[in-house]
Amino acid sequence: MLDELRQEICLANQELETSGLVKLTFGNVSGIDRDKGIFGIKPSGVAYADLKPEQIVLIDLEGKIVEGDLRPSSDTKTHLKLYQSWQSIGGITHTHSIHATTFAQAECPLPCFGTTHADHFYGEVPLCRALDPEEVEIDYEGNTGVAIVQHFEQNGLDPITMPAVLQKHHAPFTWGKNAKDSVKNSIALEVCAKMAIGTLQLAPASSPIPAHILEKHHQRKHGANAYYGQ
Amino acid sequence: MLDELRQEICLANQELETSGLVKLTFGNVSGIDRDKGIFGIKPSGVAYADLKPEQIVLIDLEGKIVEGDLRPSSDTKTHLKLYQSWQSIGGITHTHSIHATTFAQAECPLPCFGTTHADHFYGEVPLCRALDPEEVEIDYEGNTGVAIVQHFEQNGLDPITMPAVLQKHHAPFTWGKNAKDSVKNSIALEVCAKMAIGTLQLAPASSPIPAHILEKHHQRKHGANAYYGQ
Amino acid sequence: MLDELRQEICLANQELETSGLVKLTFGNVSGIDRDKGIFGIKPSGVAYADLKPEQIVLIDLEGKIVEGDLRPSSDTKTHLKLYQSWQSIGGITHTHSIHATTFAQAECPLPCFGTTHADHFYGEVPLCRALDPEEVEIDYEGNTGVAIVQHFEQNGLDPITMPAVLQKHHAPFTWGKNAKDSVKNSIALEVCAKMAIGTLQLAPASSPIPAHILEKHHQRKHGANAYYGQ
Amino acid sequence: MLDELRQEICLANQELETSGLVKLTFGNVSGIDRDKGIFGIKPSGVAYADLKPEQIVLIDLEGKIVEGDLRPSSDTKTHLKLYQSWQSIGGITHTHSIHATTFAQAECPLPCFGTTHADHFYGEVPLCRALDPEEVEIDYEGNTGVAIVQHFEQNGLDPITMPAVLQKHHAPFTWGKNAKDSVKNSIALEVCAKMAIGTLQLAPASSPIPAHILEKHHQRKHGANAYYGQ
């Protein structure tokens, strides 16, 4: 069932390691079939190099396992909540990539200092608040998803133009059209975070990219008249 | 047509990824045949590993596509403007390499702190101003080329001895005798930028390399009596 | 004798190099068979790529070589002391990995700034004092082990929940259930140290992760009701 | 002639690239046969991957080319001067490795902050002065060697226990028993420089390793009663 989706999710998870984004098993990718209302996600703690498409766990939008012998990623309920809330996304990636995680740990949103960032994220990548003890106790992973969705609602953010968030004290989540696209956004986020740390080191009072250049770069790649790519 | 040139440009583009300079599709290389007045450039958004010589887009010096089914790099008009203005260059590379881009984002020119830099760039690598909203609106990529050429003219810079520029808020462009040579200059620029960040961290008041050592290193590699290489 | 253990230790040592944790021969891994009371350790100064299982030196818990033609790692007596004192550990790794060693050199314990750290180490990774001249003179490597064990006793630390230490002016030691697990902890430690340096750079007054999130992340992976992994 | 030496020097040069120490052609290794009074060195500007043993240029101790069709490294006269002055060394490596070069550019000697450093370099790695315009004009590369040798004499440094120097505004030179050993020292130097930058970032007032630990680590690896290695 959903063999093509499993294959795609398996490859996307393996790219976490081959791209250098994660060490050990610090990350997971999922992808959804919106017609069937089922998403697939990495099984927990399995080494990327050993991962096989048939090990991808299939889950419905009520959170029930539809197929799979292995326990799904411990972060599954965060993925579930995002898929439930945002119809427009088709894939989600969670990593602990070094530099993006550094911003999450430093409790700083990621400023948009240049066009590399503008090409992927329309403005500052937001920092989502940490959960309080009760939220953690009741449903840590589910409430993480709730907090992210609320943050986007309360700040008027659109998950299409801002496909990333930094979870305070924790690490980033990114999303996209599908599993592969969500990994691309994790790769871009990590590069932007690394550049931003250096930018702040060279010029601590750096200001964000001017609005008209942010606009231009984002639109030429993602706008109605985009002319980037084929 | 121009099969050898396409082959060379294809390999030079692939070196962007294998050398670690770029992630995803953050960069492009072009090369020109001056006799024919035609340059070839990477198609937009195509993965480096998948790139084939026959996909290189051929363009004349008026900016018309001569051959190629794919849309050329979105930065094509910047390359075009540089080829039009500078007869002496044969190849151009644009990357978002981490440390060179960090200087562009921090709005700092790259000081010449040592011989690694002097071997490739004759002095401080300049920072070119950002475009204003009107310039962006009318022709972003073309006007980027115009601004770079103006910066060199107004500051008495020679594109032969200074084969690089940092575009403010954006990223570097480098050039050279041919496509491959322009990639070499991007590699050297990235190394120099990484060293410069560390140099400023260790000694924030670092002064540039003394003039006589800059002169010696540049001349032994590039001067009339150069004795570097074969 | 103990062919399986030797094989495992050999592979774990080779992972030091392939994972990028060590250069040259800056590290060693050991593993113990508790039933036989014998541990195996890397021979001193042998290149990882050349290492063969039959070269692993077997040593009993009184420190006598049971089998092996080569001289064991110069750090053998530190490993011996930890195995003697801590029945719960099955493998030990010593590296000079860049960022963890940087904390040891800066004489700073490694704060727990996020969940990556909490997933592996239950709180701040301790800094063990340096030896005094007499301790160095009498038995440098053995007394290093003594100092580590004392530090854990005096500070109420449990080697199971805190499988790492930073030896002041020197470098980290990590341990785990077996040789492979101790290498995993060295990899995790290095990632956490790299992130912590960046965190302190971005926000010098960063505070540790809130206690309830530390607790949650550590327990979901290592607690009685852990639900991470298979 | 000297086929084995050429082979060894060729491999040592290639290790500059495979170890990540150099990009492009930013480095060279030589090795000497003391009985014959002839050393071999990399030809200038040849890519490491293309280098063949028969391309290694053989030079006598008066600086005359004994065998070789290619122009030797532009730094040959620095190597020559060191071989002439220091009978005890058998190989020399010059790189522009990122972090060691950063110290040279920042005009800082490299402090000994830990045992990784003490294992290879007996104390602070010295910074050699830059040449004045006249010295550069007359014989840049030869006078670089003269300045290094003078620095060691005037500061009572022994090239055996201190197999490295940082040339101000330029980059490091290391040496050793033979070509391969000199590359090892370049690798160790780069690691120590990277750690030292981080150490100073975490704790700007860091003090060097205590003398008794420096002594112990250096002696257990290099002293009369060394017990490191086989």
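For clarity, chains are labelled A, B, C and D in written order, and residue numbers in each chain start from 1.
The definition used in the following text is that a contact is a pair of C-beta atoms (placed from the backbone, for glycine too) under 8 Å apart; a residue touches a chain by one contact, two chains touch by 3 or more.
Because the structure is predicted, anything quoted here is derived from the model rather than measured.
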Inset, instruction - Touching both subunit C and subunit D: give me those chains, sorted by label. - result: none
Inset, instruction - Sort the other chains by how far their Cα centres are from that of subunit A and give me the top one. - result: D
Inset, instruction - Superimpose the Cα atoms of subunit B on the matching ones in subunit D and note the rotation angle, 0 to 180, in steps of 5 degrees. - result: 90
Inset, instruction - Note whether the interface between subunit A and subunit C is symmetric in residue numbering, meaning over half of all numbers used appear on both sides, and answer same or different. - result: different
Inset, instruction - Starting from the mean Cα coordinates of subunit A and subunit C, work out the distance between those two points in Å. - result: 32
Legend entry - Computed distance of Cα centres, subunit D from subunit A, in Å: 45
Legend entry - Numbers and ranges of subunit D residues touching at least 2 other chains: 201
Legend entry - Contact pairs between chains, per stated definition: A-B, A-C, B-D, C-D
Inset, instruction - Give every residue of subunit C touching subunit A within the complex, in rising order. - result: 19, 113-116, 184, 187-188, 191, 194-196, 198-199, 201-203, 206, 209-210, 212-213, 216, 220-221, 227-230
Legend entry - Touching residues on subunit D, where the partner in the complex is subunit B: 23-24, 26, 43-46, 70-71, 74, 96, 98-99, 101-108, 130-133, 136-137, 140, 169-171, 197, 200-201
